[in-house]
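Next come two complexes built around subunit A: one with subunit B, the other with subunit C.
Moving on to the complex of A and B:
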């Protein structure tokens, strides 16, 4: 069953910035979708939209088959029991005045799950789940390192046993040496608990590690979506190709880098037709006239002239 | 709450102006609390044979026109003044703090609440307090009420600003993401992290209230005689300032010391509780 379905999701911020401009997404139960794109492409906004932490301006959102686009505030709060989120900044995302025990028990308190004793037991189990010790429960967030804090954030997100987890750049604020640990933990938990997961990152390697299916975003839209092997093996969209060519891979012959010309256009005033055309090596007049639709079945691409490089 | 922040308490104790302020204010508070034991004479007893005594070995700080001991009256006056200051600090924290927190958190309420606060703030605080105290009638409780209404807008502004800063912290979004109610987000997540500026502000309000109370009493709209208040004793000495300056001077110095102590403590608290400001100074 498809757990989360977003159709034509839109969000415009003050100043006419079209952060998310018509995105379709579908995530099945137990499935992980990776979402990549450069800074400012709207991927974090999309992550907040699917959780309704911010309200969409257009489109629909369905969770377990129910339309939740306009679900009233109170019902939405109850539904959050089944949704978890891990944010980018482990230093800002934990209330500094709450102990780890309070942080981990809070979701249970909010949703009225268990009593004091069972919550304490759950806190210990959660700490163990993310590789921390039960005695860490009495400490405060400032006593932990970035990687440990992110483990606490993950434990908090999983406290109510959600079916759906959003990870918004969960490792980009961490030291490189810690990133792999946290990624492995996330993947292990995702598989063990059968979580559906939206994994947002600008780090291609992280997305590749985490997600069997990957969507690429550019200027508020998904330009390509495909299984991991196709995206990384045979990308069709020129933007995806440029993105991948920028990654240095060990043990591989130097590949030609595709260097994009110009800057990302302003999301407040995106180009007509295909949004990528101002920087696209394949662009022709037609690209300015017509918006390319995201077409395909397993491998979807939004380009008038899709195709692999060779 | 403040003690939970890492090292805030030790920073506070190490802060020189907080230490001096706390020492000064602590001595004054002790003198006021134990006024009945410490005062060498009855502050209310008139004695025409001892009128206008200059400081001597019996009346250490002299007497007023009714022959009452100035030291004793000042000690008791300090008690009343501190009670009023504390009452105002507490009441403005409660009322102004609540108004500011709601204005900062609930966007719909921000406009109406803060325009009302602005309207109150348009009047000079002391003038407003005098008008309110005059309208309510002279008593200690009315002085507290009048001063609280006059000073609450400042506290509300500080609280609102603090809430608006903390509201944008990622952990607030995180609290919403787990399904916490708006009330829970405000009370458990925002307020505990927005209290530091309020605590600092309230030490200043405490000091301002003592000064303003002295003005009310001086003008005769504070607690009615014979209750000794610091402003009232200054007023008693007004007509004899040339011949018996000690009458006004002693309570005047007491007010100055109290306010100095509070302000020094406030500065220390501000530095200890606001890490950003502290690093900026370094």
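Moving on to the complex of A and C:
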């Protein structure tokens, strides 16, 4: 059964900013979906919407087959036991006045799971799970490095044994050598715990590493979604192609860059038809007139002229 | 060819804590040199020392910095201020933090032109427009009268570059100039720097944590770790045959767009902070090739068969 299904999800912020504008996505139990896009594309808003940390303005959201779009906050709180989240900045998401033991036990207390003794045992198990030591339990967040803090944040997100984990730029604030440690940990946990995961990042290589399926967002919408091999090996959407062409990698010959014209338009006033048309090398008059639907079965693309580069 | 800039055995300390220890490198006129390292490597501190902009409490403990045959590390602040902005200019990661929010972009460019080049208001404004065109800001005539908040991140960085270019400096120091930008925007800024360097023969010192950026634009690379130079050499050699175990580990730890997917070869442990740098080779506690001798003395840079110079006594065993 599909764990999480979003249909035509929408969120508009003050000033008419259409941050997420009609997104469909589905994540099966134990599956990881990667979500990539540049700043302002709506990927973080989408991550918060699927957790209902912010309320959608339109569309539906189902978790384990139940419609949770308008589930009252009380019931939603109980459901969050099954949903974990890890943000970019572990320092911002860990209360500096709480010890690691308190931080890891808090979700258990909130959800009324276990008693003092079993929670202490769970804290030890969590520390081990994320590669920290038992003596770390008594310490406070400021005593840890960025990578260790992210391990604490991951342990906390996993405290209630969720089936679904959202990671929003979990390694973007970390050094390269530490990023690898955290990505390895997340991969290992996905496999060991059978976690479903929405992995949000602007780093395409990190997403390739983490997610067998990848969705690409531009200006509030998914423009392409496909298995990893297709997204990275044979992208169909000109935006995905431009994004990939811009990645600089050491030891690789420089890719032929597809330079995009101009700037990302305002999400408060997106272009008519295809939103990418103002910057697209393939755009013709038709692109302004008609919105391209996201079509396809395994490889879905929203473009009037999809196709791989020669 | 004589070097445009020479940094010789530079050590910088805050109180008794040494954050830079014997850093040496040079930049030829028109060359693009990359300094790459993780947080705490001292890469930004090196740039700030060059510009005479060390934070309060920081001082050059030993060594010297020579720019155009003048020892800038001994210059009085007055002299330094004349050179800064005119002969060498600097841009930072976050353009919004460097730009004045209550002045238009044009006013900020004109300020430099009037101060260093003695231009009058009118010609400074016209030159500001030309500079914005030079850095490929679309509709420069309109943008020149806009405030920083009206510009996108990429345009703000272009405006910063325009300010830095106002006096046609011989050296542009760019500290993480694209880190806050999206990949497609970053690509444009790097292309711009490449073009400007070719057009004006301006040398660029690029400071970054991103080896991809280094590969994209730099001819030579200095890899720093924990306040010291770990390895240096031509970019091609550094990426093809890295000699220092740290450089090797760093390159291996990066997820890639091609090739196998699986467990990334991570570097165990954490980057040490200056207060507790380990003795001897500072990478030794995290190094898979370390032996007891590594902790006995700080390794010196030496030439390796692969074409780079590395500060490692075990490089032959790590190859």
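One rule holds in what follows: the second predicted complex is superposed on the first by the 304 of 310 C-alpha atoms of A that agree within 3 Å, B and C clash if a C-alpha of one lies under 4 Å from a C-alpha of the other, contacts with A are read in each partner's own complex, and residues count from 1 in each chain.
Assume a contact is a pair of C-beta atoms (placed from the backbone, for glycine too) under 8 Å apart; a residue touches a chain by one contact, two chains touch by 3 or more.
All of these numbers come straight from a predicted model, not from anything done at the bench.
Colleague: State whether subunit B and subunit C clash or fit side by side on subunit A once the two structures are superposed.
Modeller: Verdict on subunit A: subunit B and subunit C fit.
Colleague: In the overlaid three-chain picture, which partner chain does A:156 touch, first (subunit B) or second (subunit C), both, or neither?
Modeller: A:156: touches subunit B, not subunit C.
Colleague: With the two complexes superposed on chain A, say which partner A:206 touches: subunit B (first), subunit C (second), both, or neither.
Modeller: In the superposition, A:206 contacts subunit C only.
Colleague: Taking the superposition on A as described, I'd like to know which of subunit B and subunit C A:110 touches: first, second, both or neither.
Modeller: first
Colleague: Per the contact definition in the header, classify A:65: touching subunit B only (first), subunit C only (second), both, or neither.
Modeller: Touch partners of A:65: none, neither subunit B nor subunit C.
Colleague: Using the superposition on chain A described above, determine whether A:15 touches subunit B (first), subunit C (second), both, or neither.
Modeller: neither
Colleague: So after the superposition, what angle do subunit B and subunit C open up at subunit A's Cα centre, nearest 10 degrees?
Modeller: About 80 degrees, rounded to the nearest 10.
Colleague: Identify which of subunit B and subunit C touches the larger number of residues of subunit A.
Modeller: C
Colleague: After lining up the shared chain so the two structures overlap, which partner does A:263 touch, if you call subunit B first and subunit C second: first, second, both or neither?
Modeller: second
Colleague: With the two structures placed on a shared chain A, what shortest C-alpha distance in Å links subunit B and subunit C?
Modeller: Here the least C-alpha separation of subunit B and subunit C stands at 10 Å.
Colleague: If you lay the two complexes on top of each other, which residues of subunit A touch subunit B in one and subunit C in the other?
Modeller: none
Colleague: Touching subunit C in the complex: which residues of subunit A?
Modeller: 38-39, 145-148, 175-181, 183-184, 187-188, 202-206, 208-209, 228, 232, 242-252, 254, 257, 259-260, 262-264
Colleague: Along subunit A, where are the residues that touch subunit B in the complex?
Modeller: The touching residues are 48, 51, 53, 77-81, 83-85, 87, 89, 92-98, 106-107, 110-111, 140, 142, 153, 156, 159-160.
Colleague: Of all residues in subunit C, which touch subunit A in the complex?
Modeller: 38-39, 138, 152-155, 182-188, 190-191, 209-216, 239-240, 249-251, 253-258, 261, 263-268, 270-271
Colleague: What does subunit B use to touch subunit A in their complex?
Modeller: Interface residues on subunit B, with respect to subunit A: 1, 4-6, 169-171, 173-181, 184, 188-189, 192-193.
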